[in-house]
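Shared between the two complexes below is subunit A, which pairs with subunit B and subunit C, respectively.
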Partner chain A sequence: MGAVAEKRNSTAFRDSANKALGLNPQDANISKAYLLVGFIALLLGGLMGVIQGLNRAGVLELPTWLNYYQILTAHGLLLVVVMSSFITIGYFYAGFSHTLGGLLPKVRKMAWIGFGLKIFGFVLVVIPVLMNEASVMYTFYPPMAAHPMFYFGLVFIVLGVWMLAAGAFVNVANWRKNNKGQHLPILAFFGTGVFVLLVGATAIVAVEVIFMIIPWTLGWVDGINVMVSRTLFWAFGHTAVNIWYLTAVSAWYVIIPKIIGGTRFNDYLTRVVVIALVIMNITGGFHHQIIDPGISLSIKYMHVFMSLAIGFPSLMTAYAMFRVFERTGRRKGGKGALGWLRKLPWGDVRFLAPFIAMAAFIPAGAGGIVQSTNQLNQVAHNTMWVVGHFHLTLGMTVVMTFFGISYWLVPLVFKRVLTPAMNKVGVIQTILWTIGMTIMAFSMHAVGLFGSPRRTSFTTYGDFSSTLGWDPYMAAIGVGAVMLAIAGVLQIYAVFNMMFFAPKGKTEFPIADVEPDEAPTPYFTERWGVWVVLMLIVVAMAYVPPLIDMIVNAPPGSPPFKTW
Partner chain B sequence: MRTQFIYGLLLYLFLLLPPVAYLLESIMITHMHMQMPLLVISGFLMGGILLKRFPRFFEKWNNNGIPGITLFLIIIIYWTIPRTMDEALTLQSIQAWKFISLPFLAGIPLRDSWKKLSKAGKNIIIVIFTVKYFGMGALYIWAEDQLCNNYLIIEQLTLGWGFITTAICLVIYLIYVFTVDPTKYE
Partner chain C sequence: MHLDEKIWLTLSFGMIMVFMLLTGYQTFALGMGPPSHNETIDPQKVDEIAPFNEPGLKQIGENEYELVMTLQLFSFTPMEVEIPAGATVHFTLTSKDVVHGFQIADTNVNAMVMPGHIQKISQTFDEPGEYLVICNEYCGVGHQFMSTTITVK
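This part shows the complex of A and B:
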């Protein structure tokens, strides 16, 4: 009994210390390391992006020792795998530390081991990419085969993710033991969902890489079942993208209301959105394979439900966010139908960047629905439309939210403050990024509809008249890419300034409170064990029928190909 | 309770629609693992109002939940036999029996019984289903013959793996239930 009371007291002490100090310094070091790597990846990945954009515009010819597909691979990996995951982990570990009363010492160790594993894995991945032995692009679809070291690197990255997820779960379980019957703090709740999905998604890609690709690239087996590997890849790839999206959503629900001086939207709805996204996410991967051969029509029909189901929590989020904005604007005196909009803090980059990110998700989501439908996908698939789509979803919705987060999270963990000058840099950067991405993504969508393929290096197709009509759009893509590069450099400048040069001081962890008169959330939302089992059942329902068909009726396996 | 009844009824009517029934029955695994559970769920939802309307009846015949759950088990086990599924597609009377038995003789007793069962009782039911699902999975996967005239061997194989994966999920749930003590957290 005494030990329990003591434990509670120490938790209470840690809680209040955290509230006063913002973050335990040892925990802050973890977030510092992750954020640093994340933004360095942004710098390098962004550089690759602008080279790609200029090459596609036809104004930059790559030297013979540098291959377009090599740059594409590096761009995708650096931004989609490294930057997104490192910022997500840095953000959520800071969130766990702040809301759960500090990380446990063993969790801290696990986070550092995870960091080491991820970095080691990443070095293994980068070496063959630099040697032009792994220009397989982010999707690494068989039968294109990279050097085995590339895949061994991926294994270590996955091991790192599992270590971090285990750390997160240990810390959450410990908090729940010390705070029986209470709801997990909302940011930690989002974090739990994110790490559950990370484990689910990476487990699937681990099966693909360990049991299929590695034996195949090492020559232990003659062929690979391409359809099975693609299906496993997308069960992971689609979920990975949605994990970064869920991270952005967490900031919209939890952080933004505080920044604009309001309260959170309904806590119950928020938790239901997280649970729904966790349960239904992995099965959405099928919509990436609508025009793949070898999948029966009934399965493709089923995917429509599975993919569009994820739209429901997103629509709930859209409603919730604009309701929060309206409620806050009206409380601040906003009148009329849209007068509340003027009361929002547009000059604050911590709000402006995520707001534009949310607004961008409206066309981005609509474009996603287009791709989830059979007939429209026939037109858009494998064209620049798809590239435009994920630059709107990831490059704008997710990344701009991450940028918005960086303007309070970086000063918070580095014990500094956001200066008006950096805020101004942030606002300019946000505007530049918005214009650049709008030009680039619109041009990509448009030229995609005209048939311009994705993933191809610059070519005029022998000056074929129809394809020459794509050139103005390609030039616009180049212009957009340059603007994005400038905005990216500004962002890195702001981040490094906030890390090492901004004045020392205390920055608040902005977590909004719920409405005072809100009805209590039912406790069933906390039953993560049940949600995980439900997630697994839904995954089994979605993947058993097509995988059995692909395995039993498989064509001869494919040998490895090096197409670059 | 009324809202639940309306949702249950709407689901039941939806499942009764010939195109819906045809679509779900055209694939073996959706016939057994989607249509049949949805019928049970429709009965489960509709049942609330009946339990409220006729409390004496349920108290008398299903006092401790065991008769109800036994009836539920009998109905469900009956419908996992390959021949019964086949007959539902070839004989209209059996098809009608499916649409009556699953919601009203499985869904409603399940609702009445589940809350009356002890924690151990609930876990025993899940263990029974886990064993049964592994068994049915093995039967559908390793039977060399076509078990249903209406479905191809590949469909049979798919259903078998559907049983096995569901059983694995149930095992994970059981491990969770037996290893995690909720009183430590809740």
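This part shows the complex of A and C:
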């Protein structure tokens, strides 16, 4: 009895020490490094983005030494692989440190090794991209083959991710050992889900890269199975973007209620949403292959079901968020059907940016449902529609939530405060980004429906009549891209200001409490072992039958091609 | 759980089930499934293997045609096909090198074309005019030039 009480006291002491100090300074350094790299990647990736937007608009002709597809590859990798993942890790490691009472010394070490591996890997990836030896896009579909260094770089990035995931799991396991029978703090619960998914997704792409692509680009084997490599890629590729989405969702459930002065949505349902997103996510990638040859209709139908199923926890989230907003608004005296809306802190960028991000997920999610059903996918597949879709999901829903996070996380880890001036910059930035992204994404969706392809540099197909009708939309895309570039620069200005120039001070880690009268959450939500096994079973159901079919009935393999 | 939450969850679940049933009905009852042909070929010997040794348009019925086509960097073979209005064309496609996309603007024809696989998709062209055929999967530095036309007279 005495020992338990003592342990509880020491935990309580550590917790309150953590609350007072914000973060252990050594742990804060880890987050500092990740956030810094994340926002530098945003600057570079955004620059690539505006060049593309202007090229597609027909305004900017690229010099001969600079290939459109090289820029497109860099844009995708910098933003999807570097920016998103570095901000995610910086945020969750700060979250682990704060909610689990500090990182263990060995976990801190693992985080730095992971950082080193990821940076080293990224340098290996970027060198061939800069030399135009790897203009293969984020998807790097074989038999298009980049320089082997590109793939070795990917391997190191994956190793870095695994190191960080291992660190997260060690810290979580240690906390659970010391807090038997308790629920993992909610932000750490989200973090666990995110790292489970990261390991699951990257394991699949590691198989593709290590066992298929590297031996093939080195000339050890003659041919590659194009369908198998593509299928493995999407099991990873779509999950990767969903991981950043789950990160954004964690801020909606945990952080935003605190910022608006409210309480969290039902803890039990929140944890169920996390578990559902973890179990069902990886199989969702298959809808990228709805119009592929070599996959039977019944398998595709099963995958439509698996892709659509992810919509369910997202719809639950939509309900949960608006419930929290309404509850908080009413408590502050909001009356009538919509009066509570006026009680929300619209002038606070920490709320405004993620709120718009959430709202953007309504059309973004609807577009996702379109793409995961057979017939509609056939209309939209590989057109600008898809580009519009992931600029709404990733570029708006996820990235704007990350921006919102940055206005308290950056001052927190750099021991500074958010000034009213930076808040104003943030609000202007949010509005600009919203308008830019709305113009761009709407134009992309529309012109995609007319048939304009994605991933194509400026062309009118010999002034073909129907493509001329696409031109106004393309011009609008260019306008949107320019606005986004301006907004991106403002965001980076704000981030660097909060890192190095804002007044010193303490910023709170905003984690909302549950409703006081809420029923206790059942303990089964903590059975991560069961959820991982379930995830593996679902992944096996989805992928083993088609992969066996693709391997058994494989055509002769393809040799490598360098086509740029 | 609140009543409105139960209603919302039921509606969400119901909506997804309706999407599923409709997709299944379209796919299996109406035969509107996505292009999923399951037949392989040696991607390095496409030119020697029938029917790709003789790509082109063949009439196979009354106003019904088979168009055997190869996709390669950065062109379609054959280029510039002409068909009469109201013709149904069954496209038989494969790639000789990397992954390509096969899309006809202003129609629902959209299919991935993989090396090593034969892909099939059909379309009836009721409206006369010129149709733009493009590759919609990045295939290399000349990707934006990879297009041809189908003229319906």
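Worth a mention:
Methods note: the second predicted complex is superposed on the first by the 551 of 564 C-alpha atoms of A that agree within 3 Å, B and C clash if a C-alpha of one lies under 4 Å from a C-alpha of the other, contacts with A are read in each partner's own complex, and residues count from 1 in each chain.
By definition in this document, a residue touches a chain if its C-beta (ideal position, glycine included) is under 8 Å from a C-beta of that chain, and two chains touch if they have at least 3 such contacts.
This is a predicted model, so every value here is computed, not measured.
Once the two complexes are overlaid on the shared chain, A:T88 sits clear of subunit B and of subunit C alike. Once chain A of one complex is fitted onto chain A of the other, the partner contacts of A:R176 are limited to subunit B, with no touch recorded for subunit C. Looking at the shared chain after the overlay, A:N553 reaches both subunit B and subunit C. Contact with subunit B, but none with subunit C, is seen for A:V533 once the two complexes are overlaid on the shared chain. Of the two partner chains placed around the shared chain by superposition, subunit C is the only one that A:T373 touches, whereas subunit B remains out of contact. Contacts of A:I295 after superposition: subunit C is touched, whereas subunit B is not reached. In the superposed pair of complexes, A:F450 makes contact with subunit C only, with no contact to subunit B. Once the two structures are overlaid, the count of subunit A residues touched is higher for C than for its counterpart among subunit B and subunit C. Comparing the two complexes, residues 553 of subunit A contact subunit B in one case and subunit C in the other. Here subunit A touches subunit B in the complex through residues 173, 176-177, 180-181, 298, 523, 526, 529-530, 532-533, 536-537, 540-541, 544-545, 548-549, 552-553, going by the rule given at the top.
Subunit B makes touch with subunit A in their complex at residues 26-27, 29, 33-34, 154, 157-158, 161-162, 165-166, 168-170, 172-173, 176-177, 180, 184-186. Those residues of subunit C whose C-beta lies close enough to touch subunit A in the complex are 2, 5, 8-9, 12-13, 15-16, 19-20, 22-24, 26-28, 32-44, 73, 97-99, 101, 103-106, 108, 110-119, 130, 132, 134-141, 143-145, 147, 149.
Against subunit C, the residues of subunit A that register as touching in their complex are 67, 69, 72, 135, 137, 141, 143-144, 225-227, 230, 289-297, 300-301, 304-305, 308-309, 311-312, 315-316, 319, 323, 369, 373-375, 377-379, 381-383, 450-451, 453-459, 461-462, 464-467, 553-559, 561, 563-564.
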